[in-house]
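Just passing along the structure, written as structure tokens.
Order of writing sets the labels: A, B, C and D. Residues in every chain begin at 1.
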Amino acid sequence: MWFVSDNTSPAAPEVMAAVLRANQGHVASYGAEAAMGRVTERLREIFEAPDAAVYLAPTGTAANALALACLCPPWATIYCHRTAHVEEDECGAPEFYTGGAKLTLVDGPHGRIAPESLETAFGFAARAGVHNVQRGPLTLTNATEAGTVYRPEDVARLAAMARRHGLPVHMDGARLANALVSLGCTPAELTWRAGVDVLSFGGTKNGCMGVEAVILFEPARAWEFELRRKRGGHLFSKHRYLSAQMEGYLADGLWRALATQANARAQQLARGLAALPGARLVHPTEANAVFAAWPRAGHRAVRAAGAQYYLWPGHQSLDGPDDEPLSARLVCNWSTTEGDVEAFLQALGAGRPAAEAVRARG
Amino acid sequence: MWFVSDNTSPAAPEVMAAVLRANQGHVASYGAEAAMGRVTERLREIFEAPDAAVYLAPTGTAANALALACLCPPWATIYCHRTAHVEEDECGAPEFYTGGAKLTLVDGPHGRIAPESLETAFGFAARAGVHNVQRGPLTLTNATEAGTVYRPEDVARLAAMARRHGLPVHMDGARLANALVSLGCTPAELTWRAGVDVLSFGGTKNGCMGVEAVILFEPARAWEFELRRKRGGHLFSKHRYLSAQMEGYLADGLWRALATQANARAQQLARGLAALPGARLVHPTEANAVFAAWPRAGHRAVRAAGAQYYLWPGHQSLDGPDDEPLSARLVCNWSTTEGDVEAFLQALGAGRPAAEAVRARG
Amino acid sequence: MWFVSDNTSPAAPEVMAAVLRANQGHVASYGAEAAMGRVTERLREIFEAPDAAVYLAPTGTAANALALACLCPPWATIYCHRTAHVEEDECGAPEFYTGGAKLTLVDGPHGRIAPESLETAFGFAARAGVHNVQRGPLTLTNATEAGTVYRPEDVARLAAMARRHGLPVHMDGARLANALVSLGCTPAELTWRAGVDVLSFGGTKNGCMGVEAVILFEPARAWEFELRRKRGGHLFSKHRYLSAQMEGYLADGLWRALATQANARAQQLARGLAALPGARLVHPTEANAVFAAWPRAGHRAVRAAGAQYYLWPGHQSLDGPDDEPLSARLVCNWSTTEGDVEAFLQALGAGRPAAEAVRARG
Amino acid sequence: MWFVSDNTSPAAPEVMAAVLRANQGHVASYGAEAAMGRVTERLREIFEAPDAAVYLAPTGTAANALALACLCPPWATIYCHRTAHVEEDECGAPEFYTGGAKLTLVDGPHGRIAPESLETAFGFAARAGVHNVQRGPLTLTNATEAGTVYRPEDVARLAAMARRHGLPVHMDGARLANALVSLGCTPAELTWRAGVDVLSFGGTKNGCMGVEAVILFEPARAWEFELRRKRGGHLFSKHRYLSAQMEGYLADGLWRALATQANARAQQLARGLAALPGARLVHPTEANAVFAAWPRAGHRAVRAAGAQYYLWPGHQSLDGPDDEPLSARLVCNWSTTEGDVEAFLQALGAGRPAAEAVRARG
């Protein structure tokens, strides 16, 4: 019953098999191996972007920070949602890689930037001239940190606002696969066709060991990206182990299949929670994470049964009145089973009188 | 016949097996997995350093740059050999991670910093006051970029010079295993007992997929290291795949066994080349790399036979008179076989009248 | 009728006289001139801080950024008011000088950080661990950007909150003289006795050409400050022209006298505006800047009469209905005369039927 | 008898007069004052560069570092002479402002980069690819740190070499006036016509209090320069005091007249030293600094008489045998008088038997 994060999960067997296959003999290093050529071609096909430059990085933080550094001079500000990973969970990596850019925090419900809030944020910079930091890239996280998704039209609307100010658009797609299978649209529709210039395309959270692709749909800054990646210590010498993971991940639609599984488990969990008296969903469940609130007694019950997850936000405490609701984040992943979800819901139900209702509908 | 670099080699089967074993179920992320605790304990034992702080990073460049950033303020200079990896092959990663420190290039034969050159370099900074960059850490590469090693007494002498100026000492041990088995001394003798404060301990070049340990023998800056690693995008979420590699690498002395193999092949190669009329060793062969020069015709012959290696320095050309000597770097690794070396020497010998002599002695 | 900023004003005659006196013969450079010794002693006396380290910098942005860089590692965040100069008017200088730190914006009425907002901001970082930027210094602007002041007890309360988290405190005193004469307290009471570690003590806005002192009450980081200043290009070779300004500024209480004049003009202006039907003060007038709102027709009238000032915030427009109130910032300085203020109030009064009332009371 | 540096000298009376004239009433700040417009026009005329962007900065270090940051990405290296101010006397300011670029030290006699050494330096980077820092700007100091000058054809030759690699050229003209009057060429001939893209044009060392112009002959990066200057804390609010200095400095050819005086005194000094038995010039005297060596006893004699100057290099000692020659740097400036030089030579001559000969020819 691990719902702590998608990064506590193992790698998918197909990915590991690809890594094992790659472990044969001598091959060129630093991305010059043949497999990287195949990965590039495959991603260009998937994204219908024949000219895109494609690179691999080992972590999502590296992918985001390197991508943003190519889009944002040191004297500009990055527009992101207040809860974005680049703001909250990267210990200032964007600031470091850009050489001291700012992040401007934009609000919006359910983890999505609200257009009117973005317009206000853009407008604020209008009066600044040389004395203030300049406007820089917009970055959108899809799926969001709240387990919701931006639809292609949402992305397009926000990207068009950025475009009007001449600003580039980055997408943090650490969970892009989850967003795509949720929306049923094509990768191109959700990214460059909607105005995204550079994409961090995640693998780690969805069944790889540690690999993210960075896709520059307009490759003018490709060489800059390569230099920044090397200088950041993110160019693997035995790069074959990154390309093998990504090749295995992309083969036969594995990446979609894994995301589909994870999303299905989140739906199962959300349905179960929604049916539980006293519980409610905090955000719509649109990808692989469920945000819900239920009474403290229920939290104690599932934890006693071995469930692992974060109270969200983190300052809440398990100490307190039984019936006070606490909110939580429950993240499903490709390896979460129906049984895991069922066990969680049972433990939660057993902790309170209305348990039967939950089990019946779970 | 791959002698291009140790990083074109595959990972050792034992390392891959450890990675596979680690790919089971959910575990804590970001280094909180149990395996990382075991790695820390194992490295403390190996280095006889029970208080050392131990971290993993995915690349040698990351390990070096993060370590040096903890030792060097932005307004100081790092003393390194003119041919050091941090100077020549990291695209300015130390400058990036330190926030703009300098590197002061120190000379010395065969890739080793000469004490008198270091004293001159230290002395130069004496007059500077506030107008010049300040003295910063000394970094020693062991085994060196020239395939030689510093003995414990060499390290101790240079480290004592640094210590007299209050300067810390870093060791780039991307090939420390090769140096250790060459010298027959203990890890402690070659590092902290000789005055090394922080060590980059390599795994990647010697049989891993991509993992280096950074060992802070004095752990005062451990938390700073953790923050810098995160901020640099080098903290793996699925950290288990780093700790599994390192655990497999350290188990049953594998790391020593692999380095012993690589060094033995380098000795085989050096002996064969030294015996070849017209060839000569450019540097003593003390670890896993051979630097030698022989006539251009011989280079053409081995290349025709499929040998892969770098002319060193790189500006030399295969076009030119047959008998002009060109120098080359030939790197052996754990997977290099006796047959590989034999085939190389045969191809080289066959390319010239005196081939028999080579084969006879190879 | 210049109320645009205190930095449109000339230097005081006494300051210029001191500069002229300093322009004699050869003297040591880079702060080694005798005058700098006298400045240091004088500031130590004024602040009752015999051990303080004292430096000069040419601009307020330099003083702030250099001071904060000594207090804030790259992976931390600076707590400042949402409208602070370091956030809004320095084009990211703190981010640049710290090597990529963040600024956390704290709210509070009338330009002053509210204790409860600061506690919330500190609390937010509690859960972060290695994934988020760490807590860094608190910086307080006194007088504030809203023309108000922090009293010694206000500073002490906020500084104590920082101290509980082990965080240092910086004060941006670009207008400290205005705050001091407004409060009638001693320099020590408003700074180090209240918990301030490092102070930017302004001269430029209050009658100098361009000089600010940075006072490190605890001098442990003095050498670091010197290196950062040099490296930032702020160490003047002909430093005598900075020390002469500061010496002239401090002599015979000139700095207090100039601030007293500026504050008196602001009070005159505030009284006049407060008496004007349809006008209101937006913030209390506690230093040398008046924030007030009055109908657009009045703005048109004073501008036609030659008044110079900013609408504040800047996105307001002079185009629109006559009776809609627009808010403005009016900054007085040492050279503002009673006649300037009178003329402004007259022009404003003449622009509307109730002009007589204004003139009568101005 | 101050020959320590040109920065120990006072400002010229005409420059101070201009500053005093500027100290009248309110004017726009941050470079929007009318005087800055006049300075820009005047420098465009002087340099025959009607499109050039012109900015002022308070120090030479700021001017150089800001200029180089506009020409050099963080992952590149700046080619400079081994003794350049940017390398030796700026505490890493170029590294700081560029975000971590390198400096590649190029040799050449008498402070001038030798073309063959530059070609070697350029060639070294050829093999690097993504692993090494990339080639960046060439910076030439004119007059050099050795008191010599580059002629227009010298600049053109080196700049053409840079141009062949697509690299921009910066000139550190902290003493450009001295070089120009020495060469008798036009400012255009020595700068943009010879291939210089960006110039630091010094005022401080030649009679100003503290002001340097940065001239971007190709203004494409002008806005970037403005942002970097602000962010670096170098945009003066009361900018009028920078523009007034520069306006006074440029009026009626003052800048040339001051440099002519300084150079004449250096020639007087060089002639006197050259005539002194046992003394010799270390570098040709082509601008306002004399580098000469003479016996230690002579050094003691002139110091006893009150002469101030640096032994150069600095590690030499006044303690030792009387007849051992020590080398020194003697810098003349606009305010050095014939009498100062005469007194120095007399003191030197009086310290040794051959004093008469010196006095006779001085």
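Simple rule for what comes next: contacts are C-beta pairs under 8 Å (C-beta built on N, C-alpha and C of every residue); 3 or more make two chains touch, one makes a residue touch a chain.
The shown structure was predicted, so the numbers you read here are calculated from the model rather than taken from an experiment.
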| item | value |
| --- | --- |
| Farthest-lying chain, centroid of Cα atoms versus that of subunit C | B |
| Of A-D and A-B, pair with higher C-beta contact tally | A-B |
| Subunit B-subunit D separation of Cα centroids, rounded to whole Å | 43 |
| Mean-CA-position distance for subunit B and subunit A (Å) | 36 |
| Centre-to-centre distance between subunit D and subunit A (centres being mean Cα positions), rounded to whole Å | 53 |
| Where subunit B touches two or more other chains, by residue | 74-75, 90-92, 96, 99, 130-131, 227, 230-231, 235 |
| In the complex with subunit B, residue positions of subunit C that touch it | 30, 73-75, 99, 130-131, 134, 224, 226-228, 230-231, 235 |
| Complex contacts: residues of subunit D adjacent to subunit B | 74-75, 88-92, 95-96, 98-103, 123, 126-127, 130-133, 313-315 |
| Interfacial residue positions of subunit D with respect to subunit C in the complex | 2, 4-5, 7-11, 16, 19-20, 23-29, 57-63, 65-66, 90-93, 96-97, 204-205, 209-210, 227, 230-238, 241, 308, 335 |
